[in-house]
Amino acid sequence: MATRMAIIASKGSLDMAYPPLILASTAAALEMEVGIFFTFYGLDIVNKKKYANLKVSPIANPAMPVPMPNMIGMLPGMTAMATKMMKGMIKKTDTPTIPEFIKTCHELGVKMWPCQLTLDIMNISAEDLIDEAEKSCGAAMFLDYAAEADITLFI
Amino acid sequence: MATRMAIIASKGSLDMAYPPLILASTAAALEMEVGIFFTFYGLDIVNKKKYANLKVSPIANPAMPVPMPNMIGMLPGMTAMATKMMKGMIKKTDTPTIPEFIKTCHELGVKMWPCQLTLDIMNISAEDLIDEAEKSCGAAMFLDYAAEADITLFI
Amino acid sequence: MATRMAIIASKGSLDMAYPPLILASTAAALEMEVGIFFTFYGLDIVNKKKYANLKVSPIANPAMPVPMPNMIGMLPGMTAMATKMMKGMIKKTDTPTIPEFIKTCHELGVKMWPCQLTLDIMNISAEDLIDEAEKSCGAAMFLDYAAEADITLFI
């Protein structure tokens, strides 16, 4: 059996959307079998209306590349500016955008499952999801998949 | 040996208290063996005085279901409102509360260990913990348990 | 083969810098083989100019030991105060500082790899990194290492 990686993606901010997709596409390129379960805020990463416009928060994040005192981070427009700065840094090094990463993951055979409970709680329908996503599933199905994995990560 | 899942629960906000408990109870219902190590802010999930009243932050969370500009999120009362909104969404879909989930996990045999170092750092005594919690333990004991697990997650 | 733990450290705040180092040093003391991949904000933990001065955010963190209404958390100086409070609590229980933990991890043979892509995105050079860090590497190399690990964690 191929090495398998099972990832739970639970965050929906731009910066935390990258790690599951970078790890998944890298592993799939190494011929690992990879599945991602998108749950809680992580569902935004496979939400057609949102995935191209995920945001970075400039406040409460003292570890960001460009530190910003909290009062300044609160000014209107600062979420947009922090997001733009991160997009700029990413562009400079030719890192793909989230939709580009999703496409690559899909082409490499990464399975991307939306969490059914999250769809219910957030009142989101299957039509709101990107075409690359699999049919939604529950935690039980994913745990069965993860039980056979060599690498399991909650992001 | 049964499939084993070892979870480290390190967050104490209402939204991030759900994932360890949902995953643990689902896995236990599938007859997996499950242990959770409650450490750092995650200790609040097994703190008798806190676990029924965990909060959601409305700011610095651009991925929340109902987006809110930072300045508005700062107004007094907004943490309470974000918490109430999430509780409302959860109730609508009949998702159990945190105390209900803890009870279910306990009945299904999930082991819930408070981290001894966190108890010391935060100056919390064993009497402050919920009855369903096991005796506190250290990271070494938990790592021994996790070394034999099929699924390991840091939440 | 010895039990192996593979950790991805992705956060750069003071509170979230502790878990990877506590788990790594504890595991190494138990004679496990341990490797940490420092990526995204987690790179700050091996950044010579930053690792002794990581900060805790007082806002958007309703689960902190000493709760603080958001408006108060926004006042200038509150990040410094929250950081000082946490350092005080840590000192009281003789928990080592981040640089002390890094030194211990290194002495116990923990491998600490900086993420090459993060170095590129954030425009950080190898000279900015602490002496205890290994040569930087990519996600592919780390995933190969993690595929053989018994415990895998994303922090």
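As written, the chains take the letters A, B and C, and residue 1 is the first residue of each chain.
Here is the rule we use: a residue touches a chain if its C-beta (ideal position, glycine included) is under 8 Å from a C-beta of that chain, and two chains touch if they have at least 3 such contacts.
None of these values were measured; they are calculated from a predicted model.
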**OP:** With over half of the numbers shared counting as same, classify the chain A/chain C interface as same or different.
**Re:** different
Subject >> Angle of the C-alpha superposing rotation, chain B to chain C, to the nearest 5 degrees >> reply: 120
Original post:
Roughly how far is chain A from chain C, going centre to centre by Cα mean, in whole Å?
Top reply: 22
Original post:
Got the chain B residues that touch at least 2 other chains?
Top reply: 57, 59-61, 74, 152-154
Original post:
Which residues of chain B touch chain C in their complex?
Top reply: 6, 8, 10-13, 39-41, 44, 54-57, 59-61, 73-76, 78-79, 117, 120-123, 138-140, 143-144, 146-149, 152-154
Subject >> In the complex with chain A, residue positions of chain B that touch it >> reply: 3, 5, 15-16, 18-19, 22-23, 26-27, 29-30, 32, 57, 59-65, 69-71, 74, 89-90, 92-93, 95, 150-155
